[in-house]
Amino acid sequence: MGALSQFNWNDYLLALPITLLTLFALGILLIDLMLPPESKWVNAVTALIGVVFATAGVVKIQLWLQAGHLPPGSGWPGLMGTIYMDRFALYFFYLFLAGTAVSILMSMRYMQTEHENHGEYYTLMLLSVVGMMCMASGYDIVLIFIGLELMAISTYVLVGFLRRDRRSNEAALKYLLLGAFSSGIFAYGLSLLYGLTGSTNLGEISRELSRLLYRDPHNAVAIVALLTTITGLLFKVAAVPFHQWAPDAYEGAPTCITGFMSVAVKAAGWAMLLRILIWGLGPMRAVWLPLLVFVSIATMTGANFAALTQTNTKRLLAYSSIAHVGYMLLGLIAGTATQLSPDGIKGILIYLLVYTFMNLGAFGVITSLRHRNVIGDELDDLNGLYARAPVEAVLMLIFLLSLAGIPPLAGFWGKYFIFLSLIETGHYALASLGVLYSVFGLYYYLKMANAIFMGQPEERGLLPVSWTMRAALVVTAFATLVIGIMPDRFIQIVNWSLGLAQSPAVAKLIR
Amino acid sequence: MQNHILSIILFTPLVGALVLLFVPKENKDAIRWIANLFALGGLLVSLPLVPMFWSQMQSADRFKFIEGVPNNWIPSIGAGYVIGIDGISFLLIMLTTLLGWISILSSWTAIETRVKEYYVWFLILQTGMLGVFMALDFFLFFVFWEAMLVPMYLLIGIWGGPRKLYAAIKFFLYTLAGSVLMLLGILFLYFHHHALTGIYTFSLTALYETAPKIYSDPAYGPGIATLLFFAFFFAFAIKVPMFPFHTWLPDAHVEAPTAGSVILAGVLLKMGTYGFIRFSLPFFPDVLMHTKVRGWMITLSIIAIIYGALVSLMQKDMKKLVAYSSVSHLGFCTLGIFALTPLGLSGSVLQQINHGISTGALFLIVGILYERRHTREIAEYGGISNVMPVYATITMIMFLSSMGLPLLNGFVGEFTILQGTFMENWRWGAWAVPGVVLAAAYLLWLYQRVFFGPVTNPKNEKLHDLTPREVLTFVPLLIMAFWIGLYPKPFFEILEQPVNQIVQDVRHPRSGAAVNAALQATPPATAAVTASSTRGKN
Amino acid sequence: MFFLSHIWLIPLLPALGAAIMFFFGRKLQKATVSAVCVGSIVLAFIMACGAVWQYSAWSSPGEHFHQPYQTILYTWLGTDTGHLTYTTHDGAQAPFQADAGFLLDPLSSIWLLFVTGVGMLIHIYSTGYMAHESGYYRFFGYLNLFMFSMLTLILANNYVLMFVGWEGVGLCSYLLIGFYFHRKSATDAGNKAFIVNRIGDAGFLLGMFFIAWNFGSLRFADVTQLAHSGRFAIGDPYITAATLLLFVGACGKSAQLPLYIWLPDAMEGPTPVSALIHAATMVTAGVYMVARSNALFVLAPASMKTVAIVGALTAIFAASIALVQNDIKRVLAYSTVSQLGYMFLALGVGAFAAGVFHVFTHAFFKALLFLGAGSVIHSMSGEQDMRNMGDLGHRIPITHRTMFIATLAIAGIFPFAGFFSKDAILWETWSREGGAYRLLWYVGYATALMTAFYMFRLMYLTFHGRPRMSHDAEHHIHESPVSMTAPLVALALCAIVAGWLGWPHSLGGSDRFTAFLEPVFATEANVLQQQGRTTQLEAGAKEEERNTTGEWVLMGLSLAAAGLGWGMAWRNYRHADKGYTEPIAAVPPVYNTLLNKYYVDEGYDYVFTGRRKLGNARLGVLGLGEGSSWFDVHIIDGLVNGAGWITRLTATISSWWDKWIIDGIGVNGPAILARMFSYPARLFEWGLVQWYALVMTAGLVGFVFYYVYH
Amino acid sequence: MESILHITTLHYLVLGAALFLLGVIGVLTRRNVVIVLMSIELILNAVNLNLVAFSRMWGGLHGQIFAIFIITDAAAEAAVGLGILIAFFRNKETVNIDEVNLLKW
Amino acid sequence: MAPVATPFFFYLFAAIMVIGGVMVITRKNPVHSALALIVALLAQASIYLMLYAPFVAGVQIILYAGGIMVLFLFVIMLVSIDRSIRERQFNSQWVVGLIAATALGGLLIAVYTKGTNIFPEHALSVVENDNTQQVATMLYGQYMFPFEIASLLLLVAIIGAVVMAKKRI
């Protein structure tokens, strides 16, 4: 494809969602100045509208791409080769936007309770989505890096947004220091990649690398480049041993941001990871595959064990999300072990999809526990939730069981495809380990369920839950159930996003 | 009606649960009435199945009343909403609807808190269990299998005894641990089927064709087949539960509310044995016929029989005693299954039904006493037959049924199992027989301690005898106990065809050539795919 | 042919009675209860007589000569089509079927008659005996249920249905022994009876399976026919196993060594029960079963020998215990055990007819003895200890006289019933070839001596000598009502004449009893003959070998023994007063051993049941149970949870740890496991951001090192 | 001697690695958050040095451009980091990083 | 057209850089560290010049030494550093940290020096005089999009710094 140095009108279209988001972000900044304190909710609504517009923009791109009749699996290199707009990217765009929309819904009441209901919050959120989009669609390591930083820096601020709260401060500081440190390492790796290949374009890098490795299969510098790069990538998705920021940041951040981080930011991390590892560093698969095996086992082990006795729900869910990363890494291993089976990658994408909803839902319920003087992030705060908010309690049960992977809930499908691909590629031991750890996971999810359904509430009276939160919960629960019970449509979407041709057998069955 | 009878049976309880959602939770009596109505409705809609099944029994189809076509649910992975029954599942379904109704009826006064939830979960559980017995698609089966854990977990966890949390989690974790391994096994079969035929499907009948070939497939061989067998084995063995995977059972039983125990013992445990019959046997005939594997299975069964009985003997808690007796009884069931004879198999199924009836009744019995005195310590009681004669009589009959007295149901099952096992290898039969003696020992001893003697504990003096509602819960069980004991022929007739079919599958699996011939006969489109993708990996 | 074709009504009538008692009994008057229950038995008796009568007409020479009559109601187990099959020993497929079918032949006729007859009498007796008991309806319900089971046992046409009756009588025995459920001793005895019986039943079950495995059928007719067909060699190991196992069942039911222990305890039940169940009918079920399986036993000489030896040993063993017992019913109980031993001795030596004959006569005189004892107890207001009796003879004359007749019968005094049957047994034993059988004869002979002694001891202690009871009790002594004495008289009559049915050839009789049973029993000789191994001639010759003189000598000897026993008892107990001495007490060890029944119960309690502890250790089944449940809680649960060993290990190391485990939630494995591994995993995150960075760096260094220098 | 005196890309690389090393050491060991942030600047500078050296080596300008972006990023990070530090300092009155341990386990 | 005495200047600036770096991470007073950092950055700018990257060098001096370091100094003034100066400067894990970091650096250097021929050693002739123009062309050409995003990045940095540092928004 090469670097297209021509800039044409298509590129405006490709940048449409990003532009829209930026405009709305700036708009919020301006509107915020004019808003009296009691109608700050307009910010959120504006942000939501922005998300809707951006979604429309993505739809527009999708229609345009489809009209262009690109062959499945390939994309449109735009903006002079810095982005590569394919279905994979679009899939992630939708994912980011969905996660963001739900997060915004969840945030409204929470930020009010915290007295930090400022327009900047939503601005940063939207801008971080811009960063994510750059990560997902970027095809140039410069853009990916800048997008990453845009997302990361927005997130640092969002994590520390409760400035008067020490835990929020601390989380932000830790997250920033570690994030910057890892970015440094990541950038170092990228610089080495550039040094090895002479290009910043992923396609070029891939081509040059394979040439380089053909000459010298054990190129030590390439390995160092790969490892430093992968450190940054694994840091962003929070895989052991680069995961330690996650529990702290998750715990300290405002709960709605925790939710946002655990889905959108994580999805962006995964988009980047898949993009770089598969599109860019594919030739080095022989090196990173065993590494990922180690990392995924370590991740599942460490996270699951750590979560077992956790009493802070946010932290618990943080560990659980780390554990889920472990499972997804298994999918990556299986998906790239042989060229033949894309099921693992499919598993990751489905996983991220269902994870967006179920995890946001779970965090939503925890967010709704915050009222007056109660932080609501301890396991005890969940006690007797059923008596205080029956609907939320049942929804939480759905989310938890979905996280644990109990069919017919959405979470099952993520695990399903990952284990499917592992079996398909003959990784029986890894598959067994994975499923056993998922049983492990059930234990701590059930601990929460136990508190909700069997604990005695300390407070009497119903829990006040805002209608926006209700809406968010209903949306996420609905998605969790629908994806769980009628997964076919969503599997098709993922197939589409990966550009998988329907295999003849499946096609026959559908007919 | 004919075509959708199974779906109607399957979803009636679920509809009940949905209806209950809209009843205000303060209105407890309305909730109870509605729940009972739907439970009874579930039983009533299942009754027409009896004549319908009876009239179709002789048809050559392996499964009857099939609804849905393969792959209609999730075409992209080949999973379908396919349900159907054969004689074995027919009996278990009838047992489920019956026990479901009885359990719900028995909960009328036992459950005072969070009534609405209770019935909702119970009705959902009912649907889950029925689904397990009906599913003819492996995937559907797995979904029901797992989904049903949740309501049971909540039933134990919310309405259970003092250590309910521990018991509930233990129950859930154990069962899940087994079933996830099964999932891997399922996936393997799925790919194997694809490798042979080029079709991705979870359809049970399709997998029946290909799964047995793993054993002789040079690409996989006996080792992998055995591994797969064990992947399934763990799931089912934990559920049954076979020794030594049984430790969740006493905890779950003891802590569960009465109705929960009834359903747990009556139906949930049968899922394990049902799984063995429906899946393990036809899928892995060669593995099972392997002397060592079978030896282990039989050994574990026999250990369970003896061991469960011995442990029962020394229990101080009535419910625990009954729980361990389940281990022993289920040992008989698995023994019958792994004897791999038509006789053992039909005896096993019959014994599963019997166990559902008898042990279900035993848990009701313990529950009734518990409801009155709030203790299950055997030492707290004594001389109950003085104050509760009707109760004592019913208890005696159920004890006798449980210990396998002829003319009651237990004997028919045990005898058939023992004979079937004996004919396969007389030593196996001989080892299992002491279980019969021990059953008498622990049950009679329990009866003596609880019911006989003078009333020593003043708290027991004022106990009132059974209410009409409570008697009503026992009536169907008593009728069934006597029916099966006196005239089991219809049951044997129902079972005859499926067990012979299964044993035929296990003992004389169709040769590879036959399967290939069958595949050749498929339409050309499939054949082309087969040609292109068979042995793609080798 | 009404009676014959409706033969199934015979068991059903009492079942109906039982059902009525079960559902409505509580609300019925005692009179109604008696009418229903006794009525049903009377009807059954009439039906039985009719059926036997019609059968003898039906099977008389002609079309059905010597054939059993069978009627099948429906297929009980299995299906009609017979597609449910099993593989027999020789690889053939046999259908799994068990009928609800009934069979009448000479053997079952005899049992049918005396069971219904004696049963009827005892029912009548019970209306008097139980008149003042609460739970009257319950008692009769149980009794009727028992009659149903016993009649099913007798009339079954296959082993499985026989097993139904077999277990059923066990159950009823359990229920009736535990009738006074307020007494722990009664319920204990009931449990013991049931469980010991169950052990036997287990043997029966296995025996049945062996039969099915060998013959492919469990119908008596099929089995007998196949056994006679010559397809099976004498001494076939599987048939030997089958018969031995059946005999285990018989041992349980018929109280043979070593499973006899339940029977003496069973005397806790009301006396009519002891008479009906534990003397006349149920306990002879074992004999019936062995006799029923005679075709098999004949094929298994080793089993026959076992039966004979066990029978003889039981006979003398129980008799020796009975010598010194003081409880009137216990003496009778041990006497029953002993007499049952006799019967098995007869069966074991191949004298099936003699054994059955003894069952028949024994039914009358032993029932009579028990009922008499019941009458005594009744008159003594519940006193059972003979040391507190004496001189009752003239106060309860009918009881005294009828019991005396029974004593003469059991002691084998000519011409009472017992003489003929006992003599037949002893003679058959003696005339059996092979030296060891002579030994058995000596045992039997000694037993006869003892029998006479202890029975007359009972008579003298009870009815003669000085009155030793308290004044209060003495005041209340009265003869029993007619409902009780009438059966006594009837039975006494039978005890005299029943033996005459088998008046032996040597005394000029025709032994019609044996002749009647002839078609049922096979002998080794005619099996051999059917198999073509010996000629008709030889078999005939053996038949002719009756040594009339020898028989007379033996009769004389056994009469002498009976007389000797009587004499010894007369000498010792004729004038028994308070503090009389037992002659055997002169040798204290022997006396104590006998008085304590050879300490067998204690031994069982220590070794088998584990009811008693040896030091701190519980042995036997209960010990096993205890051990298993400990094992379950501590080892299996622990192991399966994956941390059991940690629990054990640490618990011993430190009591603090133990306390923590027990107090905390940590009793369970998962939690410990969680703590063991979770805390380190969490401690890893100890909050210092630079530590996190360090871990990242270390990870990176590790990876680089691994990949670059690997 | 030749290898020392003839300055090649390798030399810059090694220099960059040294700078990187110093930065990592600073991040891992210093307690003062401000200095830790400076150490991160060191790391980013090491990256920049690499990039510019490679840019020279390849004769393209991609490396230099990348370096400019990284400088931008360094500026943004420093600004936000210091902002967060100020907010933190207001609450906790310290800039010592090992006193930042409210969140753990 | 190689600059004169390249090795000498290289080693000189490299030494300044390394010494500056060492001082950054060893000084007690953050102000001293910041000054050391400025020195190191200036030295690095010189090295950029040697690498024919005048524009980057300029940015380095203006943005880094001029902008960022001033920001640092401001913040150092803003937060009270008296206490932290008096206290321990290194945390409790410094030994381990030092070892790990040194191991990492050592590994990197070892890898680079061992594989000298890894990088293609073609010193291309670059037209030095129009470096700035070329940079501009690329920045506004091929890298226009990242450049726009970088502007958003700075916007976020501003917003973030304001949100965090301002007492009341």
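Going in written order, the chains are labelled A, B, C, D and E, and every chain counts its residues from 1.
We take it that a residue touches a chain if its C-beta (ideal position, glycine included) is under 8 Å from a C-beta of that chain, and two chains touch if they have at least 3 such contacts.
In this text, all values refer to a predicted model and were calculated from it rather than measured experimentally.
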item	value
Steps needed, at minimum, to go from subunit C to subunit D via contacts	1
Subunit C and subunit B - chains in contact with each	A
Farthest-lying chain, centroid of Cα atoms versus that of subunit A	C
Chain whose mean Cα position lies farthest from subunit D	C
Top chain pair, ranked by number of contacting C-beta pairs	D-E
Whole-Å gap separating subunit D and subunit E, where each centre is the average of the chain's CA atoms	6
Gap in Å, rounded to a whole number, between the CA centres of subunit D and subunit B	64
Rounded Å distance between subunit A and subunit E, as computed from the means of their C-alpha atoms	31
Inter-centroid spacing, subunit E versus subunit C (mean Cα positions, whole Å)	101
Multi-partner residues of subunit A (each touching 2 or more other chains)	142, 146, 149, 153, 156-157, 160, 163, 172-174, 177, 181, 185, 195, 220, 223-224, 247-248, 310, 443
Set of subunit D residues in contact with two or more other chains	9, 13, 20, 23-24, 27-29, 36-37, 53-54, 57-58, 62, 65, 69, 72-73, 76-77, 80, 83-85, 87, 90, 97-98, 100-105
Numbers and ranges of subunit C residues touching at least 2 other chains	670, 682, 685, 687-691, 693-694, 697-698, 700, 704, 708
Contact pairs between chains, per stated definition	A-B, A-C, A-D, A-E, B-C, C-D, C-E, D-E
Subunit B partner contacts - residues on subunit A that touch it in the complex	386, 397, 401, 406-408, 412, 416, 419-420, 423-424, 428, 431-432, 435-436, 438-439, 442-443, 446-447, 449-450, 453-454, 486-488, 491-492, 495, 503-506, 508-510
Subunit C - residues contacting subunit D, complex	682-683, 685-690, 693-694, 697
Interface residues, subunit A side, partner subunit D - complex	141-142, 145-146, 149, 153, 156-157, 160, 163-167, 169-174, 176-177, 180-181, 183-185, 187-188, 190-192, 194-195, 198-200, 247-248, 251-252, 310, 315
Partner subunit C, residues of subunit B touching it in the complex	166, 169-170, 173, 243-247, 250, 307, 310-315, 324, 341-343, 346, 383, 385-386, 389, 393, 400, 405-407, 411-412, 415-416, 418-420, 422-424, 426, 429-430, 433-434, 436-438, 440-442, 444-445, 448, 451-454, 486-489, 492-493, 495-497, 499-500
Residue ranges of subunit E in contact with subunit A within the complex	107-108, 111-112, 114-115, 118-119, 141-146, 149-150, 152-153, 155-157, 159-160, 162-164, 169
